[in-house]
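Both complexes shown next keep subunit A, but they swap its partner, so subunit B is in the first and subunit C is in the second.
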Partner chain A sequence: MALDQQQALLFGVAAAVRLLLFTAFPSLPSLLAGRVEVSTPVTSFKRLQEGLFLYTHNVSPYDGGVFHQAPLLLPLFSLLPNPSYHPFATNVVFTVVDLLSAYALAQVAESGQAAVTRLFTSSRKDLRWSSAAIAAGFLFNPFTVATCVARSTSALTNLCILTAMAKASQGASITFILAISFASYLALHPILLFPPLALLCYDTRTARTKHAPNPWMFAILHTLGLAVASGALLVVSAVLTGSWDFLAATYGVRLLLPDLTPNVGLWWYFFTEMFDSFREFFLGVFWLHVASYMPGLTIRLYRQPLFVATTLTGIFAIFTPYPSIADASLYLSLVPLFRHLFPVMRYTFLASSSILYTSFLGPAFYHLWIYAGSGNANFFYAITLVWSLGLSVIVGDSLYAALRDELDVDRPELRGKEVKRI
Partner chain B sequence: MLSSLAFLLLHVLLAGAAASSEYDERLLLRPLPQSSLLASFTFRSTEPASTFSQQNLRYFPRSLGQILQHAHTEELHLRFSVGRWDAENWGQRPSYGAREGGTGVELWAWVEAQSEEEAFSRWLTLTNALSGLFCASLNFIDATKTIRPVMSFQPEGDHKNASNLHVLHGTLPHEVVCTENLTPFLKLLPCKGKAGISSLLDGHKLFDAAWQTMSIDVRPVCDAVSSTCSVEMEQTVDMVLDVDRAKRPRDNPIPRPLPIDEIECDTSKPYNAADTCYPLDKTAEPAWNLTEVFGRPLKGDCPLTEQAGDNANTVCLNIPPERTVQVNTSGEYAETQFSSGTLRCYKLPTGADFDLVLPKQQMTTGLVLAKPPLYAARSINGHGQERGSVQAIIKNPSATEPVEFVYLESLPWFMKPYLHTLRARVDTSPESPIRETYYRPAVDRQRGTHLELKMVIPPASTLTLTYDFEKAILRYTEYPPDANRGFDVAPAVVRLLSPNSQDKKGIYLRTTSLLLPLPTPDFSMPYNVIILTSTVMALGFGNIFNLLVRRFVGVDEAQTVGTGGVGGVVRGKLNRLKALLGKG
Partner chain C sequence: MPPPAVAAADASPATHTDSTSTSTSTSTSTSSQSSSNALDAVNARPQPPPETKESLWLRRSVILSFWAVVVLLGLPVWWRTTAIYRADLPLQGMTDWADGKSCKPVFPLRIAVEAPLSPQEAHHLLRTTQHALDDLNEFSAHHLRLMLADPPLPANASQQVVSDGIGSTRSDEDIALSIRLIPVETGTTPRSTLQPYSPTLDVYYMPNQIPSASSTGSPLATYIAQELHKIFAEEQALLASLLFSTSGVHTAKIKSLSAETAAELKRQSTRALKYAPTYHLTFSLFTPTFAPSGWDIESALQQYLTPLLESFSAISNFTVDTQVQLYATFSPSIHQPEYDEDLRSWSLRKEDLSGFINAAEWPLSPSIGKGPTVNFVLFVPDQNQSPLLVKENGGNSWLIPQWGGVFILNPPRDSDTPRILGKEALTPAFHTFSNQLLSLLGLPQTPASLPLRLSTLKRVRAASLIFSASSTLGALARLYQALPSIPVPDTVAKSVDLTTSHLQQACDHLREGRFQGALEHARTAEAAAEKAFFERSMVGQVYFPDEHKVAVYMPLLGPVAVPLVMAALKELKSIISGLRK
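Our next item is the complex of A and B:
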């Protein structure tokens, strides 16, 4: 797929904006990298630099409480010149990562899987935005720009997730498996995206070839492929760092939450205030809660796997232990793919205004708590609650719209009428 | 220069005394500028190694000896300190800082063990036992507060099997040193504070001092010639008293301004009048005596000290020769002078009170204070409770000699330094002063950061060391009751490698401790947080699963199908049953 002129212009402008921000405000990257809304302990660029420093000085970066990111990032970033003195190469890398993500998103949009799948064709399928518009929505989303300028490694996770979606919607099994295993290797929770995206991959493969592949064989082969790819990544990491310590320092930290640095999610304050004897129990409950959405959504909406994957990214942005605005930007950029659902959504004003409200009040309340001392932790906590509530309203509302859209196809006589859930 | 010679001489005297006698005690008094007075108490006892191992102890306290044997501790150093040594005004530290500790409690020991794990378990035994002995929270020295220094500490004693020795170091910067630590300290002495110079030690004055440090050092000493070994225990108390403050009567301790006619005014000031006065700096040495300054009389000699010839100089004064000293005692005493009169030593009478009285005197000559080899200061930069940076400024005052030293930081785990931001600059040369780095990063709730830097500072230069750190937010149960006061960070320890000291004690200096404010959660609302967060999660979960498990029907159809939920299911079953029965 060649880049047409419109896309080239879009990507050029997006790259220019990022590089301009990097060069015109040299202190902006470190300022944003220090914001808790943008950088979490598992994605912060400053911690990556610390890990790199220890790695290049032959101290195991995982024998410490600072670095919790995937081992393969270390040799990758050690190839670049030291970002403290020569930040340009790193800035270019993160800009390119954003452009590649936008390109993958455009591919997803062009595949048309959002509205027309093998088993389901939306009655409003002509209501859609162009792929360039959707890519622009991603590239010029202030959350994405902030993530890119803060050089948070969640940009890489987002790239892997979007690539996995793009490849799944094109039916390219091998690249899809590679992308999803990279994503889960970097951030663990994207592994939950595998079933819906495998389903999407199966759908496109079936639609492309005349005779459908055996679904069981397809599932087994893909699961095996994922296991092999993830296993290979882990083994390479172990060889690279010389031990398996990285498992506890990366995935162990995500699972057990020893670092309670504030973020926009729901976990940190809950586990700060949790009674010690119940900590393990609630950690189990919270993780079970995150994982529980995947089977339910995949079974109920098996005809629209891309929508399931999108909704799951929304769930990740709310309910994972270390969410940041990067996760929200991924979800909010995927939602415009479902332009045909917008007329059926009911609470768009409420959701968008609460997101806007928290985007402005969040940093202000954090300042009141940490710097001004005139507020306490509850100020910021309240904002994270509203933020999570706003996002979950979008998730729930779009889910309602998707189900309503299915109903319009299944029972055209109810179209436009009031319905009830029983 | 003379005075520093005298200072050295005293050390030599003390060292000579140790070999010949089994118990020996000394007090050195030395006026410092701004009417301060340094008092250094040294109590030293030795026990032959053979009788020590059989617990046949004479002067060595049995309680401590048994603890050391039980914990397989070969060498022990314990410090209780309060305050700050003002090196700018007071000069070189007593014993070159080797008997000084960081603010709070500091403990390091060489433990004999086959493995690191065994060494650590013996270390825990030691800290717990010492905690009981000294009424201090030493049992809180756990894995997060223990480090294993690599370059900063060298054994002072003569050890036979050095390969099995493990050095462990722990600090409690938050510990408030007070009277309950002094009482067990005095009980370890043969005269137990009833006689001898230890009778001067009073908690009210000791812990009111501008700076004080109590130390206990146990080490094995072997004579190379006779190849006999003994265990030496040295207890010291160093304190800097403010003479004016110490002289206040105990029943009326509130300072009140002098009547204006008793103050010497600077008449050159334009506002000088009958009712306004700018006090002149006092040039005269203040008057003081032992009883007034220490709050108790010196109750004669401790009869257990070995009395022989020149070594019986228990109380020494390091003052200019022109200063008048009167001795007040009913017993027999002897005075000896060393170093052309700058060091006057007294042999104490037995069984009679002894007092030294120094009247107020206008001096023409002063003592030359020895300059310290390094000045060190450390502080936290930045604001807010999220992150900050530490800045240590180390100054080499010597015009000719470069100084090589080891800088040791032992940081709590919730203060997370970024080593890639560590910068060391010397103002006189662009070259990096860091020669060697040892770094062991912290692991959350398991161990603290351990950083050792070997650095060289060129003559007449200032070294600035900075690094960034981030503050962790803790679980609400991990905060102390006064959470908003902040957390204490242990002082940095600086050990000089070159110029090296003459003996094995080494030359040390310590910075002050730091106060680290951490972000605090709201302690009053664990229930509210659990409820509110659960509500948001339940809203999301309920909304989504409500949509997933139910199906849509038209509003008009809802009646015929029946309502959803358990009731609807039951009603549906009932309807089917009725229909079946009706058919039958």
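Our next item is the complex of A and C:
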């Protein structure tokens, strides 16, 4: 029970920190909600409020062209008192969302799927952090706190993704499918996590029940389940808003990038400079680029599906059209699950210093560009490039480490030696 | 070259080379291997073990998965998003229009003759006059055709009924001109008067001037023919110069177009505004002081301008606005008015008239709404600078080509400037403005009858619109052929079809002498042709040569493609060499 006490303490402190920030600095939420690093056009709480206002006044929430988030958020948030006057309930909701995410992350850590899977056991499997430490890494990550205080709806997406991971690592198929379809419903790109997580779910189910389920049946059933759950969500949304217009306003915006508000990703600058006639082509190229990692990684690292899913969240944080620090916080909180890979990673200093560097310089350069007027868009874009570089270094380095770890298991005699890929 | 080693067991001093055919190679610096290998390790670099089946399969399927994304999704996306859609255009038909092959505009004018004569006499008169007319005419496209007014008047109708004209003139607008033959006993005959406000020519003759059935010519017929030729001379010159300048088809047939006529026509056409379906008229009152601060513009417009604009309604529409500007000063760039002792007036130099409008400070907006703006400026000079006149000719108004007109209204001497300008005070100004408007709209100077001039303008405008739309079609066809890389949306093809069908109808109407219909169709055709030519989505890639596409594709796709292609080639090579063995 010591662990539970420890966890309760941890969650209590995390909740207290958040509620303290909300109450001690009443202007902080709206300040953070206006920051492009935290709030993107598809996750901003201010835009959610706009959609909520239209929704409660019986106007289609997408008519204003401002709101691009999933329609099911509207009835959920319309139950809460108006956050402009009584923000406490909303603040509590977002705090609880963070705590639930941390709880799911702790479950993932406890399952031990990071280091020991059905087909693969890391040679350094004893090198791991406790689930409480990993949850603490998530809860006290400044990026997570900022996302929570800004009340960005990407916190909800993160919760769904983490729940899907937790349920997949426990082999709970139905809740896993529900969670992943909610995540895809909210943000579209998490659907790419389905194959590796389904693989993870299959692994745990096989390990638990001794006699392995038929893999084809398993794949077909789970895909069907995903289709049914997503379809049901979309139909409910259509019934709720009265039309299918929400598809163009939510997923259409994510796919076609009409809103070029700056963010920490790489797309906005590229598409402000793009020739109009090539815009559609490069939208396709960029999206395919994001998607093309999924099959390759899943095939290559099919023995470590949780690692594939983690790496994909890192790729999402870099290459999706509207990333924010919330996506980075998800990835950075998942990386500590793979503590056993850290000794093999080579560029940890470079990666962590560039992340730190951009965390401080990014807001400064944005200020120079937008408010002071002494900089230009290139200042901020350069910083987002370095930010993406830092994240890519972590992704690439951890990939290398995972491959090296597999090699160490396959060829124990090479352990500790310098290897060269040919 | 030694063959590449395939297994570690083959390692020997003889094959002590760098082998790059397998996936990993190890450094030999440390020796954690078994002691039996230690000796080998000293002697030779041990070759890595062969790849397992599984890792080979894994690697190939990873490469295949990337290629599958590229081929199955990337190529369709590339094909879909960069395909240039070019709607089919009837190029040959468009070029024919531009070359004037599809339509030779002809202007058959119908002239109704009302004669208090017996049908035989009337027919004979008509025939002889038509002969005389055809002899005079040098411009075949412009053709005057005489016909008896319908219904033909009984020969014994009284003169009173004829001159009254209400019951007899056919209210057919396709009749260009009516000739009323009126027998008189006194005065020089034959003589004629052109009604100023209706398309009617009254010809007075003595009954004995009617040609007898046997004679082939008569003074009356010749006289009528000459009068008609005179009336339509300017119109013929206008149309001839239009045909000459735009198509060059009829060059051989124009001899009568003298140099002076051509210069005069050119002067008129440079004055006139480009044709538009809607013009915007702005009347502005400018005064350098506080008075007059108002004018009775509504009723002045009502009385002087509205009838004129109504008579133009078949050709163009007009919108009108007015403004009053107090304390409007001269432009600093011109010489200030000087006092002229001889004329006892203040004078403006002629060369300063072009700079009279103080464009920087006077709020005369260049264009309001869709159509071009015609500006009319009424300037009331200061009491102590009055009267203000043009130095060289003492005039007080002038026309600014393609822009508008200016009138200086000098307040009456020996009295203060009135606070409000009444309708009577505005009368001279509005007479001038009306004349200026007529020349700005390109109305010909002759003949004296306003409806005739208007119908002339209608024909000229219809012809010039047909030419303009046709040449736009030709330009579009050339553009289509010259720039194969521009997209051509379906809307352009639709507009082209609309243009050609309306052009055809306009041409048919012209041939049948229905000029109002011709003008309307020509107007639609011109608008559709302009819309097709200036389609926004066509011009996006005009200045985008194919070489630039390399610069678009390479920076991003090149680095991605190189490892993909290299990996695929390497795998293919190893598969082929595996098959050979």
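Operating definition for what follows: the second predicted complex is superposed on the first by the 419 of 422 C-alpha atoms of A that agree within 3 Å, B and C clash if a C-alpha of one lies under 4 Å from a C-alpha of the other, contacts with A are read in each partner's own complex, and residues count from 1 in each chain.
Everything below uses one rule, namely that contacts are C-beta pairs under 8 Å (C-beta built on N, C-alpha and C of every residue); 3 or more make two chains touch, one makes a residue touch a chain.
Everything numeric in this text was worked out from a predicted model, so none of it was measured.
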{"item": "Joint occupancy of subunit A by subunit B and subunit C, clash or fit", "value": "clash"}
{"item": "First, second, both or neither for A:A207, with subunit B first and subunit C second", "value": "neither"}
{"item": "First, second, both or neither for A:G34, with subunit B first and subunit C second", "value": "first"}
{"item": "Partner chain(s) touched by A:D276 [first = subunit B, second = subunit C, both, neither]", "value": "both"}
{"item": "Which superposed partner A:A291 touches (first subunit B, second subunit C, both, neither)", "value": "second"}
{"item": "Subunit B or subunit C, by number of subunit A residues touched", "value": "B"}
{"item": "Which of subunit B and subunit C A:L403 touches, first, second, both or neither", "value": "first"}
{"item": "Subunit B/subunit C common contact set on subunit A", "value": "275-276, 289, 292, 296, 300, 407, 414, 417-422"}
{"item": "Of subunit A, residues touching subunit C in the complex", "value": "275-278, 280-285, 288-289, 291-292, 295-296, 299-300, 407, 410-411, 413-414, 416-422"}
{"item": "Residues of subunit B that touch subunit A when the two form their complex", "value": "383-387, 413, 416, 418-420, 437, 439-445, 470, 472-477, 519-522, 525-526, 529-530, 532-533, 536-537, 539-541, 543-555, 558, 561-564, 568"}
{"item": "Subunit A-touching residues of subunit C, taken from the complex the two chains share", "value": "20, 22-27, 30, 32-33, 49, 52, 58-59, 61-62, 65-66, 68-70, 73-74, 77-78, 80-82, 487, 540-541, 544, 552, 556-557, 560"}
{"item": "Complex contact set, residues of subunit A against subunit B", "value": "34, 36, 46, 49-50, 52-54, 57, 59, 63-66, 84, 258-262, 266, 268-276, 289, 292-293, 296-297, 300, 318-319, 369-371, 376-378, 381, 385, 388-389, 392, 395-396, 399-400, 403-404, 407, 414, 417-422"}
